[in-house]
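First the structure, which I've put down as structure tokens, then a few questions once you've had a look.
To keep things simple, chains are lettered A, B, C and D as they appear, and every chain counts its residues starting from 1.
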Amino acid sequence: MSKEYSKTPQLPTSAIARDEGIKAKTENWFEYFVKAQPHHTDYAGVVWHGTYLTWMEEARVECLRSIGIDFADLVAIGCDLPVIELSLRYHLPIQLGTSAIVKTRLSETQGVKMHWDHQIQAVDTQAVYLTGRVTLVGVDREKGRIMRQLPPSFQDALVKLVTNN
Amino acid sequence: MSKEYSKTPQLPTSAIARDEGIKAKTENWFEYFVKAQPHHTDYAGVVWHGTYLTWMEEARVECLRSIGIDFADLVAIGCDLPVIELSLRYHLPIQLGTSAIVKTRLSETQGVKMHWDHQIQAVDTQAVYLTGRVTLVGVDREKGRIMRQLPPSFQDALVKLVTNN
Amino acid sequence: MSKEYSKTPQLPTSAIARDEGIKAKTENWFEYFVKAQPHHTDYAGVVWHGTYLTWMEEARVECLRSIGIDFADLVAIGCDLPVIELSLRYHLPIQLGTSAIVKTRLSETQGVKMHWDHQIQAVDTQAVYLTGRVTLVGVDREKGRIMRQLPPSFQDALVKLVTNN
Amino acid sequence: MSKEYSKTPQLPTSAIARDEGIKAKTENWFEYFVKAQPHHTDYAGVVWHGTYLTWMEEARVECLRSIGIDFADLVAIGCDLPVIELSLRYHLPIQLGTSAIVKTRLSETQGVKMHWDHQIQAVDTQAVYLTGRVTLVGVDREKGRIMRQLPPSFQDALVKLVTNN
């Protein structure tokens, strides 16, 4: 199985530069709540930089569930959604015990690519801990290759998600 | 403690766009070997996208050790190096059991910021699994603030690392 | 700093054998809900065996919060609660996307030791995924040593927790 | 798929009590080296208690490789080896930056069950950080059930491992 996500080994292009084409129109975010537990932290007493990837993944899965898409079902019918690009900026550390909101939005789709924006904020203030963009691509699990198109029912649901934003 | 890493909550700028100023001159990489163990994988049978952050962190720590800098000592004298920016592109999935090389290079420093390039490759072929850039910043642990300058001995070692590249 | 948790390097004694002395009287459990997200799984498509430790830790932290103890506050006043013993039995695998209940109970305290029982169950059936016991001990963070006694307010709250069970 | 590992939801029995029957005869251990990296630690500045499970898993995989068994191949031919029981005792914390030896030994097999002993020690002193026993069982991936017997070539290799000990 040799699924190649991207032909040319370049460094990632900017999340900002990509902000063109069909994209989310409003400021509506899906909100997912997390709390900084001991296992999320490192020696510095704050959330380890990789932990945020677990939170953003959970937020995307729950955002999809909110429009009727069960991620495990998608996998079961042979459609996987690996991450192919990731651009994050860490603004403020999150201390042990802190609650935060992971704001999540499917900002645009390009064929079988989905660009998700994330913003992690404090619950009580406007403090922003992290901003980032994560790009997923539809992969045919059996063939191990990028799909030509997403499963129709999934595609329809996504369009609604982008338009609703 | 309110260490703010970055004033304006923008999305990350491109890793490529930042490629100006003092930077590494050659293609010399520090090489760190890893193997895809069961706990690194997810349901898709390949390495989970967040696992790569653990490997790149290990590679940076060992790269610093190779020039005589012990990361734990640095932390002990009050200098922390949190990640403030991360841009990754995933080119090919890594299967369970696969060995890979994490190529690591301090490509440039800007004051107390360190930009590290990473390239994860197959051991036996030229296949590239991931390319990315990770930016760290020197933080004074006691004050919880970005340092004005890195500890002199650390700064000196880093300069050598960039020039050697 | 040389905090030694246990003098003689023996293998763990049984969770069952230890069931003597002051212990929880009833079947009341604290319940904490989790869901098997992609990052919790491994190549086998089910939850990786180490993931359960994150869930049980979260459940203990939230159980303490339910009786007014903020774990981060406890750490801030210099009391840490490392795990010193762990006995788990895995009965059934948990598939990607599955919701589960982490049932948690402080079953007994012995001086500064706390024995917690855990049972992870299906939400809709009586299926049991995991049973286990986790023992924590109060450590003075500054001295790096096991405490002679837990902070009084914490001890009082714990007694209530055991009696309420 | 309903692979049930264990019928009765009891708490784990003691690792010591199980020490009967065919078992390893000598003190020969397989040794696997690890280092406490930033991502292995938690807010307390020491290795998080769940991290040890990743190290012991890696040590078992590499121990099997040392007798010619490739774990990924085993999975590919349909044999999985999930953990069904785990008993750990944490003796001393491991500080950031510390190197350690994960000593690993297949102490006995019972049908399709494999009992592994682990002891994590300091590299330079005799200090013991952790002792534990982990039990795996052979599962037929396709049927999702515990195997009647392990694949013959695997079984043969294991016998040698136990006898060599």
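Convention: contacts are C-beta pairs under 8 Å (C-beta built on N, C-alpha and C of every residue); 3 or more make two chains touch, one makes a residue touch a chain.
These numbers were taken from a predicted model, which means no experiment stands behind them.
Trainee: If we define chain centres by averaging CA atoms, which chain lands farthest from subunit B? Would you check?
Mentor: C
Trainee: Per the definition at the top, count C-beta pairs in contact and tell me whether B-C or B-D has more.
Mentor: B-D is joined by more C-beta pairs in contact.
Trainee: Could you state the distance in Å from the CA-based centre of subunit B to that of subunit C?
Mentor: Spacing between the chain centres: roughly 34 Å.
Trainee: Using CA atom averages as chain centres, what separation in Å is found between subunit C and subunit D?
Mentor: Inter-chain centre distance comes to 22 Å.
Trainee: When the centre of a chain is set as the mean of its C-alpha atoms, what distance in Å lies between subunit B and subunit D?
Mentor: The answer is 31 Å.
Trainee: Can you list the residues of subunit D that touch 2 or more other chains?
Mentor: In subunit D, residues 38-39, 43-44, 46, 50, 53-54, 57, 75, 95-96 touch at least two other chains, as defined above.
Trainee: Which stretch or stretches of subunit D touch subunit A in the complex?
Mentor: Residues 38-39, 41-46, 48, 50, 96 of subunit D touch subunit A in their complex.
Trainee: Which subunit B residues qualify as touching subunit A in the complex?
Mentor: Residue positions touching the partner: 1-6, 9-17, 43-44, 46, 49-50, 53-54, 57, 75, 80, 82-93, 95, 117, 119, 128, 131-133, 141.
Trainee: For the complex, which residues does subunit A have touching subunit C?
Mentor: The touching residues are 35, 37-39, 53-54, 57-58, 61, 70-73, 75, 95-98.
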